[in-house]
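Structure record follows, encoded as structure tokens.
Letters A, B, C and D name the chains as they come in the text, with residue numbers starting at 1 for each one.
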Amino acid sequence: MRKEPFVTSASFVLKGIVPPVATPFTESHDIDIPSLERLIDFQIDAGVHGLFMLGSTSETATLTFAKRVRILETAARKAKGRVPLMAGTMDMATERVIEHARAAKDAGMDGLVVTAPYYIRPSQSEIIEHFRAIREAVGLPIVAYDIPGAVQTKLTRETVWTLADEGTIVGIKDSSGDEANFRGLLIEAQSRPHFSVMTGSELIIDSLLIAGATGSVPGIANVDPHGFVKIYDAVQAGDYETAKSEQDRLYKLFAITRCGDLARMGWTASALGGFKTAMMLRGMIATNVMGRPMTRLNDAEVAKVRSILVEGGLLDA
Amino acid sequence: MRKEPFVTSASFVLKGIVPPVATPFTESHDIDIPSLERLIDFQIDAGVHGLFMLGSTSETATLTFAKRVRILETAARKAKGRVPLMAGTMDMATERVIEHARAAKDAGMDGLVVTAPYYIRPSQSEIIEHFRAIREAVGLPIVAYDIPGAVQTKLTRETVWTLADEGTIVGIKDSSGDEANFRGLLIEAQSRPHFSVMTGSELIIDSLLIAGATGSVPGIANVDPHGFVKIYDAVQAGDYETAKSEQDRLYKLFAITRCGDLARMGWTASALGGFKTAMMLRGMIATNVMGRPMTRLNDAEVAKVRSILVEGGLLDA
Amino acid sequence: MRKEPFVTSASFVLKGIVPPVATPFTESHDIDIPSLERLIDFQIDAGVHGLFMLGSTSETATLTFAKRVRILETAARKAKGRVPLMAGTMDMATERVIEHARAAKDAGMDGLVVTAPYYIRPSQSEIIEHFRAIREAVGLPIVAYDIPGAVQTKLTRETVWTLADEGTIVGIKDSSGDEANFRGLLIEAQSRPHFSVMTGSELIIDSLLIAGATGSVPGIANVDPHGFVKIYDAVQAGDYETAKSEQDRLYKLFAITRCGDLARMGWTASALGGFKTAMMLRGMIATNVMGRPMTRLNDAEVAKVRSILVEGGLLDA
Amino acid sequence: MRKEPFVTSASFVLKGIVPPVATPFTESHDIDIPSLERLIDFQIDAGVHGLFMLGSTSETATLTFAKRVRILETAARKAKGRVPLMAGTMDMATERVIEHARAAKDAGMDGLVVTAPYYIRPSQSEIIEHFRAIREAVGLPIVAYDIPGAVQTKLTRETVWTLADEGTIVGIKDSSGDEANFRGLLIEAQSRPHFSVMTGSELIIDSLLIAGATGSVPGIANVDPHGFVKIYDAVQAGDYETAKSEQDRLYKLFAITRCGDLARMGWTASALGGFKTAMMLRGMIATNVMGRPMTRLNDAEVAKVRSILVEGGLLDA
């Protein structure tokens, strides 16, 4: 079932640093639109190469359909034309994902990011049918999102190439943590020059870019996009030492994800809450409120994040 | 935060055999309302003690919001007042579950079945907040649904009793497969006589009822509700031999869940597809179409289900 | 490869309560032979139907070959002829297990308990070859030991029946916690009357015996063998109420496994250390020293075990 | 408990390419000493920087104590003084590992490789006690071996630095596949210049060396040590392009691990059997016999390995 090339995808190449944009909330759990707009500007001004709205870092799992639409509309209004805009469509199965995908298209997104179905524990062939059905129904370029930690099922390389070679997907975002398999994607993508192989890693992006990754979707880029753009540019320029020392700096910054008390909250809340707290302290967003039922960092935990930012030179003491 | 007793729950005791009602589809993936109505009548006529609409067996993960509402409205119209009606609210996080819960209340359901949040990998205290928020927002009796195979997180006994003793939940449906922990629930429930301890097991219901379980939610009861009602009645009457031999018979019937080719489909599709195929062959529903992207059993697989039914005396040769 | 029936196994039927005998240590980590002898007498006097030396509860993984031999020789000297004696042979692969099995035969054991190989993550067919090779080499009756929590691989029912029907194994001890699968073993064993289907469960033995289990290998029987013999006898007599209330009592006693601080020790050390501490407090053994590197319960933890024993009526206040 | 520096470790720095040497067997499962000697020469002649005897690749889990000793004695006799010799001590708990460690010292090994205990599922503090006890008892330099896929428990970075900073271990071999955590080890090792941070990776060694790894322990180096030495030398020389293209070549060669039929054998047998078959085809060893109960590659599977070698230029067609 080889497809005609997408008109939209003809000009669409996902590459570089594409942060999964966090979702700022007001104290009453509404979307904080002014903060979101400020954040989008901050990211684009820092030189990122695209924006991924409604990713895992965006706490998309906690958002109602209506809230998702508001975020996409805000992104389109604010950023459209400046950088490519990707929309996550996270949901359990095909028909529900198609509803999200249609809303993303209506809102003007440039492409979709789609995971394997979950809750139902699908086979690889059911995953393939899932992607095909979404592509048929909506017609936007699709980047497959491999995140077995959240959805329980891994996209095998066979599945990826089946979908890529028939034209169903234009790239992959790999958040599996399986870097040996990722290298296999990179090697096998050498004969597929238009296919984007993006990593979700935040901690070894230099290595993965040097090995040939097309780009990265680092959650912590919400806090410090300049650092990731610097890594990307350094690798492009062959300056691996700069890339490495910048990655080492950002690795240490990642300590902000470990400030939450895991007796109170899950790892996800601690990590994403660390991002939001750092963004709040840096003035990018107004609160560190989390999507329900995730727990917000308390004063003591905020103080820990603050001291990491100060130590890292991102905040005055 | 002890709650006033619910008016609704005052008369609400979930017990006995409460099948998770399958969702019949037409060839074009619409809800097959006549089949659903026939199935509801069949179950009630068989003597079941309640119906659980929108369970895992109902392929709820594949259903759009609109389809879920149609199913609940059909159940209310057809069954209301004859048996208690429970509605599953499966979704990833609090606000989305509240939307489903409100629709269930509007449709006239008698109670809700709520899992832990998923995708976000919550802590137990986040799970507790999740249940509290839903109860505050909607006010229907809630049965907690422990299904770590689908949602990755287990409800600990501490979480269950925190929620039960403050009045947030009125029962639990345990589909964890951890029968040693389930016995702990039963022992600790001896001092909580109004709390329902239901098992999702299909294979050892006799043992769990003898040990004190309030009832069962067996998916395969869609195919043969009479058998499960017979087990329940036998245990109530102290006739354990009958219960055991009936359970042994139904254990063998469970072979219909293993007819799907796992190279083509996931275990979920094979199991639920086995149920639907058997129901189709027995004339209860019109097709064995599955919610997308799950794979439908093909002719060879249907033939395997048929021969199991014939061997089990549920179908003429 | 159907085998001639074993002379030894002709008279060998493993059934009833067969405790996995704990290994008492002196303060200097030697085997405490007098305590071991006292423990063996205590168990046999309580009416147990066999003894399983060198089980998981015996901390066999921590024992050198020489220490294992001393334990087997002590058991043979003390118990031989009074009850059947089984010997665990826990090790990673075939040739090493054969060495343990030969030592067990030399020491006069009546049968072997053999797990799947580990570290090497075998296939089911490699597991089958493993059992066949041990049986060929040593010629004692073998009970297969399904304990995936320790060895990572589960024995499938197909594997069990392949080995049983060709005469390689005479029974199974199931410590998998998968009670639905265990029921399948029981149903399929109905046509194999000489095959022992033993459970390793300590928490729902009444249910499993009622469902047809041949017997049980409960670790906590080291502390209170009389209780388990009482359950077994009650089920044999059809007095399920007594069996249930006795199991409920022993379920609560199992709290002694949760007294260790998991920041200091693993769950295994906490559980087995709880057993040993209770045995020490009841005067059966001299110390609660653990096999290295497992951590011994400290004074505060011993006090917790003591109060559970007092509450349970097993120790005077 | 800071230790005096080891005399032995003063001159001991583990770095570079240190293959885990395969164990050649005769048709009757004896150690094939001539093949082992030939293999050792082949490796040293290829320029490897050390040899790791009795690693996971050596099928150590299948070897009796006596066979392990023969292998170590052969290695000492053949290689002593030419390259550092490390000995694996794989076993379940402390006293058993000490027995292996003493034998290694007696055989003249230069250092030990020690995993976490297994079967008993230890805590991190029990793991720490395990390493301390071995070091106290034997006094050889210890490299910690992190291989959670085989032993179920991961060595945390906290555990590693506790052991390193007190002088208990001199390095780590990381076969966990968690490359983000490995980067953390590398960053934190920047202030510990004498600590070896080795990777067990075979598939992305170039990236890990560029990121600062001290060296690598690649199983497939048994088949093609020259390739790995070339990667190491290229990275040392700053020639990352050569390292990358050589790694890409060896990645493709890794297809020899996927020739075994997983319906017959486990992944371990397929992988290690692929290595041994390739070594046999290249004339380094006499047979592809595996340690029991692992399954040997059959003729059809050998043919697959052969064609991969031919395609990779390692064998004439």
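The definition used in the following text is that contacts are C-beta pairs under 8 Å (C-beta built on N, C-alpha and C of every residue); 3 or more make two chains touch, one makes a residue touch a chain.
The shown structure was predicted, so the numbers you read here are calculated from the model rather than taken from an experiment.
Shared contacts of chain A and chain D, meaning chains that touch the two of them, come down to nothing at all. Residues touching across the chain A and chain B pair largely coincide in numbering: over half of the numbers involved belong to both copies. Our note on geometry: chain A versus chain C, Cα centroid distance of 50 Å, whole angstroms. Taking each chain's centre as the mean of its C-alpha atoms, chain C lies 35 Å from chain D. Among all residues of chain C, none touch two or more other chains.
All chain pairs that touch, listed by label, are A-B, A-D, B-C, C-D.
Residue ranges of chain A in contact with chain B, taken from their complex: 29, 56, 59, 61-65, 67, 90, 92-96, 99, 117-123, 125-127, 129-130, 133, 149-152, 262-269, 291-295. Every residue of chain D that touches chain A in the complex is listed here, in rising order: 177-180, 183-184, 187, 201, 203-204, 206-208, 210-212, 240, 244, 247-248, 251-252.
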